[in-house]
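Across the two complexes that follow, chain A remains constant while its partner is chain B and subsequently chain C.
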Partner chain A sequence: MAVASNTSPMIRKSESASQWWTRWLDPSERTLAVLLLLPAALLLSLIIVYPVVRLVWTSFQNLSLTSGVPAKFSGLENYALMLEDPIFWEATWNTVLITLITVPGALVFGLALALMANLPFKRKWPVRLSLLIPWALPLSFAGLIFAWFFHSEYGVVNDILRRVGISGIIWFNSAGWAFAAICLTIIWKTSSFMALIILAGLQTIPRSLYEAADVDGAGRLRQFFEITLPLLKPAIVVALIFRTITALQTFDIPFTMTRGGPGTSTSTLAMYIHQNTVDFLDLGYGSALAVVMFAISMCVTTVYLRMIRTKG
Partner chain B sequence: MASTMSERPPFLTGTPLRVLVGLVLVVNGMFPALWILFTSLKAENELMLKPITWLPHAPTLANYLRAFTDQPLLLFLFNSFMVAILSTALTLFISVLAAYALARLHIRGRDLILSAIIAVSTFPLVTLLVPLFEIMRTLGLLNTWTSLVLPYTVLSLPVCTLILVSFFEGIPRDLENSAMIDGCTRLGALFKIVVPLSAPGVFTAGILAFVNSWDEFLLALSFNSNPQLRTLPVGITLYQGEFAFPWPVISAALVVGIVPVAVLIVIFQERVVSGLTSGGIKG
Partner chain C sequence: MSSVSFRRLEKAYGPLRIVKGIDLEIADKEFVVLVGPSGCGKSTTLRMLAGLESISGGEIRIGERVVNKLPPRERDIAMVFQDYALYPHKTVYDNMAFSLKVRGVPASDIRTRITQAADMLGIGQLLDRKPSQLSGGQRQRVAMGRAIVRRPQVFLFDEPLSNLDAKLRGQVRTEIKRLHQAVGTTIIYVTHDQVEAMTLADRIVILKGGEIEQVGTPDEVYNKPASVFVGGFIGSPAMNFAKAQLQGGRLKFEGGADIPLNPGVDVKSVALDGRDVVVGIRPEHFSAAGQGATLSGRVQVVEPLGSDTLIHFAVGSSTLTARVVPEMRPSPGEILEIGVDPSRVHIFDAGTERALH
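On to the complex of A and B.
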């Protein structure tokens, strides 16, 4: 203090400025934590929190950009409309069906891929790349490629079928075949991610367990069901839940393969939300649809968080 | 140990069988991409042959020429690159800061924040189409890169933060402390010590963020109606021929779109696998 009173005001000023600087550059731990988390918090507020509030609010409104009428509070009208909308039910049913078919499908197929990839190959990279390329391929690209695969005249699938004596499936003209093509594509595209997760799980299982089982005389099949599968469970659960949540949002593959056709027979909830929002500009109804989807996803996420907690 | 190993009866370890299994894996993973490559190299009249040919008889690059001249494919590529690079940079910056706070500083409610991050990672961005559309419209961001960079950053933020938290936790605190004794500030220590030492983690997170952005379709389709601002997936999907879907050109464009990510994956395959399996999200 005595020193400070001896120095000129000029120097004192610059000293406090430099103190301010160091305090700003080296704040207390708590301030620093807040500062460091701030950008993430701001971005999440803008892109998630505020939009969620706004979504729920808009879902109670009659808001169509094509009508030119300003937004009007309409209570549950959008939801009532939804219950009587056959396309909503069709799209929701398709979404649920896609989830129920492709999630177990990708699990079984992915498990098979992982077990194969876990064999002691001399070179690891071709196998690794074969699992990574389908994962990295954009969903929309996978949709386009498989649409070409299933092309009724020039597609490779019909070419192979013709060789074994089955001819003339016109995949995208019937709801059933189109739906099958979409599900097969989704299973192919998503199983490699499953396989990667399961493979990582497989590699953590200690070899000694199998050796002990050999000594006890347990067969391969028994070892698989009593050692491999139980120890893989945590990896499988995580992979299944992520896959379920993404399956509920299915959009890219049906959009690029069929645009929801023939008719609306292969459209999903996400596609119907997109159509109402971007094509029809009916923001109120689009929001109500999204709230339903949001509720379904939230349930799955809650289950997921609970499972992680009990696991940890 | 060695004796027990040799007593273990071989299971699919015979070379021919193993090669067969490897072949099944490779065909499953590579065939679609290879098939589209073959298609792209066929002349249009060869594509109309029935029964179809498998390998191209007279490989030609004509479809590639048309892919770049019929549609602004180069522009789509540029848009995809810029959006992916900008969102990757933003994601890394924000998640490095957040991960450091979570890994090193004493924060009340740390577990709650981590749970929230996992919840965000499963958040269906599709459901926010309407409000995000309105926000972008209000801010005048429709038909800009920014309208995609911001949501893509959110898309990758959780997985990148989780990967970085686990990397930062593995770096000895002593290194940081001694740097701080030498007069480095805490933030200085973060960027001069912690981030460089976590380079593999930062890199892994960056690749995942890049691939996430490169792949995204729905928001890109919804926010940027101007053809000049289309990203690659949207641009290619909306290619329209005069009468039918122009498959020869589409296949060439798809190959162009697959190559950059394939190169990234080939070079950094081990990083990508470790990143995916430590906090992977996408299906």
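On to the complex of A and C.
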């Protein structure tokens, strides 16, 4: 091999145009690999790398479409502004809170749903279908439906509360109740996604392990904690990564249910980005906010991936 | 340690009957092998004994207790599964300790029992490893260790060697036999491999279509097969079968060849004369011409195996296989004169396929 690589530059120097053309038609594996990857690499650059680079660049600019002033480089000014912006902190805190509440909530409900769906039903498809429906519904649609469920006068939730003797709650008038309604809706909407991933994990656990545990004398609860849960860890971590990233980007459900209200008490970081870029047309500040959200997502993903690697 | 009994044991899935009324008594400390082809109901029977399958009818007793409705954990049995069923996230030690922890055995006792079992199986150095870090043979031994530490009344083995290669299978087979000799517990072992059945069992139970075809010691099922099925299933290479008719105390094969009848067969009592029969001769019961009766046929294929030679030859419409000394090397196409001991020739009814002697 060493001999071949030493001689190849000499050969290349002396090769004629026709030889070069032959080499081009019969490329080495390395050239072929590069050629085959090139279209995908170009496409990815176009749809991912360029927008991200452009976003970061815009975040360093003073670019507001309503000011009538041309864009100019402003360094870290947008970021400095962000640190003093109370709405940014409120929206970030709300986003973190939604993530901290809805991700574990969806995990617990998703796990319960997956365990139910994994029971030996004679007909499995109705169970699987009922799991899929909430997942398949558009987020904004789910938000609108639940806004009706939580309506103070006509909502089914208050109707049930009144039937059990609890006076109705005006859900969207108080920051706390509005936040609770949003979290419940997100948990309902996203539990099925968690359940689907966990169900796939459950189905990889061999039945013979439970039979061995039966013979070993372990009851159902012990089997769950000693066999099911440890063997589900990889599926749970994958589900948590996806769910956490989407939770950090929460937009549709609070947007359709409360528009961030009352006041800005249920506004999320994604909604604040939307408000700045779409409503106020302040692309520089909006981009800086988006960069922060991107950084948070990347940090969380890195932490999860490290967790998987450590477990592995 | 305990006896096991099945009385009219049945298992059906809807209209499909898998086990059709099995009666069997297994003595304390006995090593019984259930053997048969796929779908004969052997694993289902074992799983019903373990409590992993409900029974559709009949009764199962372990010792004096009827265990029909008891869950597996209350039957005091230990089972080695076909895929070993080791908990992949636990170490070998924790796999072996699991059932003892569940039963509340003190930690010091657990350690003692595991150390003893590990020493017996030669897996002492593997206790800190996970199952994924073990070879197939090591996993098999850990699965046995997990069963041993329990000190159950009955050990159940469900095709435990089928995932091992041929060489390892032989080694582990010997270990299982040694284990039985050491612990002396009743063992019920399921396999489809007749070699495992013959080498391990005190008694073999041969199943076919959910029914017992024959129960006997390895010698009995080999030398006195109760049916064409048993004759063909036990022994390798398989027993030869050829259609024949009994005439005047001789077996006349299709194509004209004939040999004297097994002297052990009482022609009058079974009213055989003139009836069509199936003749069974094991390949190893042929010998050089001149010893016993002589049978002739045209040689088709010769397979030298080193230790002996397999000769495939045609007698009438049947092709028979003889296992003879390595020096015997006839050429294909040649007419072979080969000896056969009439006392080792088995005769089965052509209709019922049951043995006639």
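Points worth noting:
In this text, the second predicted complex is superposed on the first by the 259 of 312 C-alpha atoms of A that agree within 3 Å, B and C clash if a C-alpha of one lies under 4 Å from a C-alpha of the other, contacts with A are read in each partner's own complex, and residues count from 1 in each chain.
Criterion: contacts are C-beta pairs under 8 Å (C-beta built on N, C-alpha and C of every residue); 3 or more make two chains touch, one makes a residue touch a chain.
Just so it is clear, the structure is predicted and the values come from calculations on it, not from any experiment.
Touch counts on chain A: comparing chain C and chain B, the chain ahead is B. In the superposed model, A:217 makes contact with chain C only, not with chain B.
In the superposed pair of complexes, A:32 makes contact with chain B only, with no contact to chain C.
In the superposition on chain A, contact is made by A:227 with chain C only, not with chain B. Of the two partner chains placed around the shared chain by superposition, chain B is the only one that A:248 touches, whereas chain C remains out of contact. When both complexes are overlaid on chain A, the residue A:303 reaches neither chain B nor chain C. Shared-chain residue A:47: touches chain B; no touch with chain C. In the superposition on chain A, contact of A:166 is made with neither chain B nor chain C.
When both complexes are overlaid on chain A, the residue A:80 reaches neither chain B nor chain C.
In the superposition on chain A, the residues of chain A touched by chain B in one structure and by chain C in the other are 211, 214-215. Within the complex formed with chain A, the residues of chain B that make contact are 4-5, 7-8, 11-13, 18, 21-22, 24-26, 28-30, 32-33, 35-36, 39, 47-48, 50-52, 54, 93-95, 97-98, 100-102, 105-107, 113, 115, 118-120, 122-135, 150-151, 153-154, 157, 161, 185-188, 211, 214-215, 217-218, 221-222, 232-234, 236-237, 247, 250-251, 254, 257-258, 261-262, 264-266, 269-270, 272-273, 276-277, 280-283.
The part of chain C that touches chain A in the complex is made up of residues 50-52, 71-73, 77-79, 81-83, 85-89, 98-99, 102-103, 146, 150. Chain A makes touch with chain B in their complex at residues 22, 25-26, 29-30, 32-33, 36-37, 39-40, 43-44, 46-48, 50-52, 54-55, 58, 106, 113, 116-117, 119-121, 125-142, 144-146, 148-149, 151, 153-156, 159, 162, 188, 190, 192-194, 196-197, 199-200, 210-211, 214-215, 220, 241-243, 245-249, 251-252, 255-256, 270, 273-274, 277-278, 283, 286-287, 290-291, 293-294, 297, 300-301, 304-305, 308.
Note for the complex: chain A touches chain C at residues 206, 208-209, 211-219, 222, 226-227, 230-231.
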